[in-house]
């Protein structure tokens, strides 16, 4: 049950211009089981008993064996997504100078535009519910594109007047800016992230990244852990 | 040498609409010395020997005693500042729902405007050097204010059309948005932050916060540690 | 509802020669509430609503506000206790050279002797259940004291032959050796420790320290948090 | 320059009954370089420029790219070694129930005996220097073996009287007990460990583990990083 090699380097599209790519990985379900196994001989006791032990571990919160597995992703996401992601301090983040906005200028195709205009929820002050009308949506799309173009033109104008890149970016609609980062995290802390960000209460722009990580990578790489996660961490909430 | 009580609650203005306030603190120079002292009796051996021991500790990188002191600040800063700050994963961040932009709408006085328009450095791709001409600056000021007003009007318009707050904020010049957070950090990790962010290479918008923390709080609260920091961590770079 | 000042410096005896002392503390129940409060004005909304918010936070695992409170203890405990304690990597540990066993020799009153000889549980391979007979206990007490004396004599003999302290300690019954350390931890991670170590499955020699921390310090310092902890973290297990 | 596959699973003997084995690894020198590279295209710019960039990173303390590489070792070492190792809180430790001393009894071949009896240093209170005479050493060897046998007999006797394993171990010379753990750490934090533990001031019983890690694994797996480490972290001390 080694890491499926076809997962390494696999890229999944997310949002209009974003993506997630698994750069590297260390460990699998069996590595978790063996880290916890009494006999410690490192060999399988047969899939049935191995899986049962893994379920036992997660159910009874013997979580440290799950820290033995590491994921390393390359992620392109808008700042509105990263702004929530970075609160998870157990990830290691590696930003890229090229896209810091200080080193090289942003490009005009670096902006995120939503596919649907979600409406403000009435009952939950910090959530969305449904979408605005098609008519409204079309008008908002046009307004947004025009605003992005205008903001970007002002940004370029400031650069041409000699303003430092780090300052000219004040003109930009920064929540929409795409950044590419490398993030590294162990399986336990990734599950904490997923538990929070797969939830319906999570903002759509981060939920789709959580979903892509879970469905396109985590579930294939750690099938038993995924099953245990769904039973003991997702539903328990 | 207890924590100077006049520091607790003290607020210092930073940038045009920001500030830093020391909410609470635990420990002082003597707490660091005692954490390291062999006799461990917790009492001073006289200022001279105490100070000498503290200097010895920092010089020889016996850094764990410096983790015994904690600072808790309330900080209001624009996103361009936080965007760099959050990379320091050893801080504990506590954001405030009220200002998440998801819970309540932003106000039109929540935007940062620079006092000077720094020019792009020629030699260092990611730095600024000097400022643009007074004439240029005046024009840029006007452009920025107009752009902020226009962006904010679009944001309000989107809200009125029923768009969720979490999505309407795509119209905002987000780097300029002020957020108020609580940050907690121990003295050792605060020194790592200061070492990096007091540097001339740090962007102005975070350097002024680092400077305020250092000059208005750190130096008064931990005078010996500050002296040792300047000798062994600042100059050594 | 500030930190009860009589708690700072209070010392509680644990086991035959150990103790816990609260050296310092930062924050209280209200600091947790205010860290999370939307209005963020930092003032109480009345005890009833404050307490209700705090309960809501813990129940729904909005745990970061609980990281805002810090405890700093001085603890004297035998190695058998520390050996389990140090697995909790979220504590900051500050050992004391004086007692490292490398710097100064151990004393002959540095050994832990149990008050009761717990018997091996039959059903749970790694637990104890009940005690051995009074007759057996008396004999074991004598054997242990004699063994400690003999081991210590060999240790002193090795030192006198010029053996390095760091090596001579191989002769010592090290699990019984008392060490005094400073530990610092935030309230959230302290609750994770307590959840695990207050449990009946925890070894007695660490459970009594957890209990002392909880009953003699935590409950007085953070009465609402303690109530919420019992409801949502202890019983949920 | 991928991870040399012959390193995975390789085991190196350390001390009389201990060893280190590389269980798994993620990343190599090039992964570090690419994490930092501006172009971020993930491909080599030729060994010369790649290596130069890596050296630049470590010299100027741009250390986060070094966190992208992970090592996972299985280590068998006596408690006297672990007792120092566990202070490095950036390692992830995975103990093994089988050897906790609570789950199964210790065996009589689980004890460490030194090959040489190092003498106490006169100038440095916490170090050793030279060895005792051959005559003394022979006598100490005999004393130690006899003491181990006697201690172990008392331990077995306590177990036979029904004492819980977790308590009977008070009779054991615990510093000598071998434990097998899995430790996981990133390359940056491993270098901090090595910097401290390769030093002549480190106790022999941990220095030999640091040396084995460095010479048998680290240097082969990350040759450029090792070279930079020697230049900027080892000698700088």
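When the chains are written out, they are named A, B, C and D in that same order, and each has its own residue count from 1.
Just so it is clear, a residue touches a chain if its C-beta (ideal position, glycine included) is under 8 Å from a C-beta of that chain, and two chains touch if they have at least 3 such contacts.
Treat the numbers as computed from the prediction; the structure is a model and nothing was measured.
Asker: Quick check on chain A against chain D: do more than half of the interface residue numbers occur in both copies, making it same, or fewer, making it different?
Answerer: same
Asker: Report the chain whose CA-based centre is farthest from the CA-based centre of chain C.
Answerer: When every chain centre is compared against chain C, the largest gap points to A.
Asker: Need the CA-centroid distance for the pair chain A / chain D, whole Å please.
Answerer: About 34 Å, centre to centre.
Asker: Based only on mean CA positions, could you tell me how far chain C sits from chain D in angstrom?
Answerer: The separation of the two C-alpha centroids amounts to 27 Å.
Asker: Identify all positions of chain A at which a residue touches two or more other chains, and write them in rising order.
Answerer: If we look for residues of chain A contacting two or more partner chains, we find 92-93, 97, 103-104.
Asker: Would you mind writing out the residues of chain C in touch with chain B in their complex?
Answerer: Listed in rising order, the residues of chain C that touch chain B are 24-27, 31, 35-40, 64-65, 67-68, 70, 72, 92-94, 96-99, 103-104, 180, 182, 184, 186.
Asker: Within their complex, state which residues of chain B touch chain A.
Answerer: Touching chain A: residues 79-80, 83, 86-87, 89, 92-93, 95, 97, 100, 102-104, 112-114, 117-121, 125-129, 132, 136, 139-140, 143-144, 147, 150-151, 154, 157-159, 161-167, 169-176, 203, 205 of chain B.
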